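To start, the structure itself, in structure tokens.
To keep things simple, chains are lettered A, B, C and D as they appear, and every chain counts its residues starting from 1.
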């Protein structure tokens, strides 16, 4: 196996909120191989966007290292980071907010090209080329974003990310703001692009269904840590972690699979700022609280290449029962 | 809330300290020499000049002068005036210290209700000719320079109609013209703000609900809508008060009122550093205190604002 | 002078996203904006053409033709030195606008730049800058103007410096507020993510998106600066001879209000109309550009 | 109600004082405007003109000036020079009462002089007059506690000894005050009480608003006909005018722009009283700072470009007098025979060309500096010089304090200014402005002129001394050392029912 294109080593991110500390991402380690699509799923607020932003160095990790193509980029200055930006691109969630309303589409798509110092004539050609790749007419370049629909705009965002032929694209909830039918089109587009260019994707989403469609491997993020990681098949067929199970049950077709219904946690996600307030979905929290030494246990290296978070089954069961009670 | 108020006060003290330092050195950077002004046409008498300079401590190094000034501020005299020989600054500005705030506050207390009234009146009749008329009038009020307005009023009311005294200070009648001149601009500003916010509020659901429930129109406007309009207007009152303090410079000059504004201009021109510094400090203190009050009132009016978290 | 600040700040926070044609339609529909722009255009034309359209040399002293009443060769009469009042009014427009536009250019450039930098880098840069702004705000602006005027001696340059000093913090604060909300926008992050240098992010992403609220602020600002300049001239610390200014003309005319009212009145009217023009234009632009006040 | 003109109130030449034995049928207090708040109201620190207008009504000197500008005895009834003109023996007036009720004696003279010289007393304008007194230096540097040059002979006789002759000493306006005042009101008595012998005593001072004086019933010249005077501080002439018209002022001192209004209104004009100012005005041309002024022809060209008659008509509405020398009419030593300086643009151009600057070519740029109130005059000068001589001149407005410092330290090349008589004698103008060693020299220096001035200060005989003045003044004018400028008239208007008001011909 070749060295992974992207390697996250024990990445953590803590924010200060007043006197308290919010752990958005805790001790996450992930590898992404070249040409692979890694999905990162979790509910909103679980830290997956922060993770994505850290890969792009839009946010600096508090601990840990980000290694891209064998090079530690964790502490690179903004300036030193700039040449690397050619290799790592991002597609944002909001197709409206992620395009500057004051720039023409052509300028938007050209922006990364300008940054790498491409000549004007070449830029124009490349812009036309990527617009075609994402399925937009060449005239689009002269129009402003407000003239396009959500799906079209997201194509513009993808075109921008593709323009410099990056090796890694982080898609941060890239389709979640779109209608279901449009989602499918965009996802298909992404898959086709990968097939043609061999680009690596890190696909962040709260939607397991979407992830399943696109991703080779999937990591499940809960309260800032990876609770389970595995191939698409492993994860969907044999989810190990109760949270994964819960997530799966939220998707009708997946949840209706072999395992039968799994109680779906409802209500608010536990507040990562103050764990004492955790009220409903208490399983993982209990574990952390009761075993201080094993507070943040490492993922056991399982041969199957499918690590999952060590938990305490007895307590877990109890938690589940408790949860039922609260629900009834 | 209390915590917030204390912290704001601490912050203010810092601003005042900086103001003290900045004004001390800024005023001293000004060309011109108080001793020369004291000597007037007899400047050039070196012996007299040296003596005065020593008497006033102006021959000492700046840091020493600064420390001396801080001492004077702390003991409440604010030091000796350069212009009024043998008088302390507090003697010079004592009358002005009540006059200018009195002028500014009376203007404020007249301008706010009047402005609210006109603003609501225009908003309720939005789009009508009355509205357009009021808007034009308000723009005119905002646009007319206070000195021009003052001259016009003196000419009309005092000279032609002989209704009011031309200038001076002391009787209630002498208060009418200067306060009127001061009121006009801020009143128009408040009215315009009120109209804008009022229109916005009148469009909101709770107002419609109230109307739908059959609440009388007057009550809808004055209780439901205006109450909500007050919050953003209160925030602008600090700035309006600052404008009034500035307006005092012109009004006091035109109407010959011995307030801080006129004393300030006189003292700048006469290089009366201690008086200038003290007035600048006082204005800064008035202004910042009013702004503090405004923020506190704002907090009180709008319970959604939680200062302790907002500042984190 | 800053009474409008609060309003402009609170109303213009979000960045509008609209095309030009949309803007033009609403502009043409706005009565205020139309009247205002007509007045402003006229004043601007007069100011631009001033050297060629004055009937007399505005600085020409005719000691034997002082205090002439309006009419005849001198349409608006002459002043204490026998100078033609109409010519001085026309030149005064040029001086007022020059001062106002210089101050605007300086404060808009520096205020916007500093506000953007503060909002962009945050942390200490922001803290230092904003404390500085707070301190300037803690002084009534006329006090600052007076101190500067006293320090530098009166003159056009002094007026510009003093007013710029008073004006930039408001601009900086507004730019900062706008950029603070803007910098969280994904399109800005997208810029960073694709390696756009900071200066170009400011130039291409931030600046164009704060321009329209800043323009509203500027158009209201012109009127206020003209008024401030007139007030400084009125208090004797403004633009100096031989340049005619409206504030100076009012001041020189006031003592003769009863014998020669045309002196103070003509300048007052010119100043008033110009102020009304800029205020109407500013109001109109705000209505047109501000999403919150749309449809009103 | 008829009012007697009892006594001149304002007694010093420094003040624009209202000479009023004035009375009013209606108001008990006479209300008069002053243009600014006085800076002080005591005779020691007294150092500016506005204060002088107030103080001169409360304090007196050895001599006073009558309504015609003549020196008359006041607190000294007579005086005689000591040997070699090195001092004077003054015979003091008897029966003079201070505001406190105490009697004025020779001890008070000694006390007043000593207080003026005592270090730490921030003495103002009057102290320098004492420089010639024996022991003054020792007093000033603190090495002596009494003034050795002053000898109290008896209660009403005092001798003042000089280190050099100073024949004009008796007419110096040195205010004499009460030696018992410190004991009575403490060392900080300055702003609380008055300690003079004048017709009015201090009552109240509301800073920035008014100074109120009350009649001094025991005044040696007879009690004033009015109960008091209220000096209202009114910086704006327009406001003053408005207040006069609404009856809020009894007497209005007319200033600048109001003059036109008064002269143009028959009703007001009828009420106006005028007097010449004891002031000279001049255009200073400092040849050390502007090379072309070294040439007498350039200076003459400048002077011939200015039309005094047009200025009087256009700038002063006629209320001014032309000046052709440097001693004003009405001041002792005035020369009525000085030739008129003709306005002659052609000759001015020719002179400039002769000096090597045809049509102004080669003249370096220069600033004509002044303060705000003198703006219009200077704009006129500049426009004339630009038009006739094509001289590259610009008007520069400077803050008053800065301007004074600059002109008094000889750093301003070109400016017009006035000089008010500190005492009513022509020597004041000549020695202060054009004497080489004067701290106020205005940029023209001449050794022969200096010698004449030295001679004059030792010449006790008036006629002889005046002849020396004329010679020196002629020398100054022949060399075009300065361009004399018109001097505006002092003017006041008086309300109905007020009579007996006169203006003192002074500054």
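Operating definition for what follows: a contact is a pair of C-beta atoms (placed from the backbone, for glycine too) under 8 Å apart; a residue touches a chain by one contact, two chains touch by 3 or more.
Predicted model, so just to flag it, every value in this text is computed and none were measured.
Most remote chain with respect to subunit D, judged by CA-atom centres, is A. Taking A-C and B-C together, the pair of chains sharing more C-beta contacts is B-C. Here the CA centre of subunit C is 46 Å from the CA centre of subunit D. Centroids of subunit B and subunit C (each the mean of its C-alpha atoms) stand 22 Å apart. A straight line joining the Cα centres of subunit A and subunit D is 90 Å long.
Residue numbers of subunit A whose C-beta contacts span two or more other chains: none are found.
For subunit B, residues that reach two or more other chains under the stated contact definition are 31-32, 159, 253, 269. Among the residues of subunit D, those in touch with two or more other chains are 236, 399, 402.
Subunit B meets subunit D in the complex at residues 31-34, 36-48, 51-52, 55, 83-87, 91-92, 95-96, 154, 158-159, 162, 165-170, 253-256, 258, 262-263, 266, 269-271. Remark: subunit C residues 15, 17-19, 185-198, 200, 204-205, 208-209 touch subunit A in the complex. The touching residues of subunit C, counted against subunit B in their complex, run 1-7, 10-11, 31-32, 134-135, 138-143, 146-147, 150-151, 153, 223, 227, 230-231, 234-235, 247, 250-251, 254, 257-258, 264, 268, 271-272, 275-276, 279-280, 283, 292-293, 296. In the complex of the two chains, the subunit B residues touching subunit C come out as 15, 18-19, 22-23, 26-27, 29-32, 126, 132, 135, 139-140, 142-148, 151, 155, 159, 185-186, 189, 192-193, 196, 199-200, 232, 235-236, 239-240, 242-243, 245-246, 249-250, 253, 264-265, 268-269, 276, 280, 283-284, 287-288.
Of all residues in subunit C, only 59-61, 63-64, 66-67, 80-82, 150, 153-154, 236, 240-242, 254-259 touch subunit D in the complex they form.
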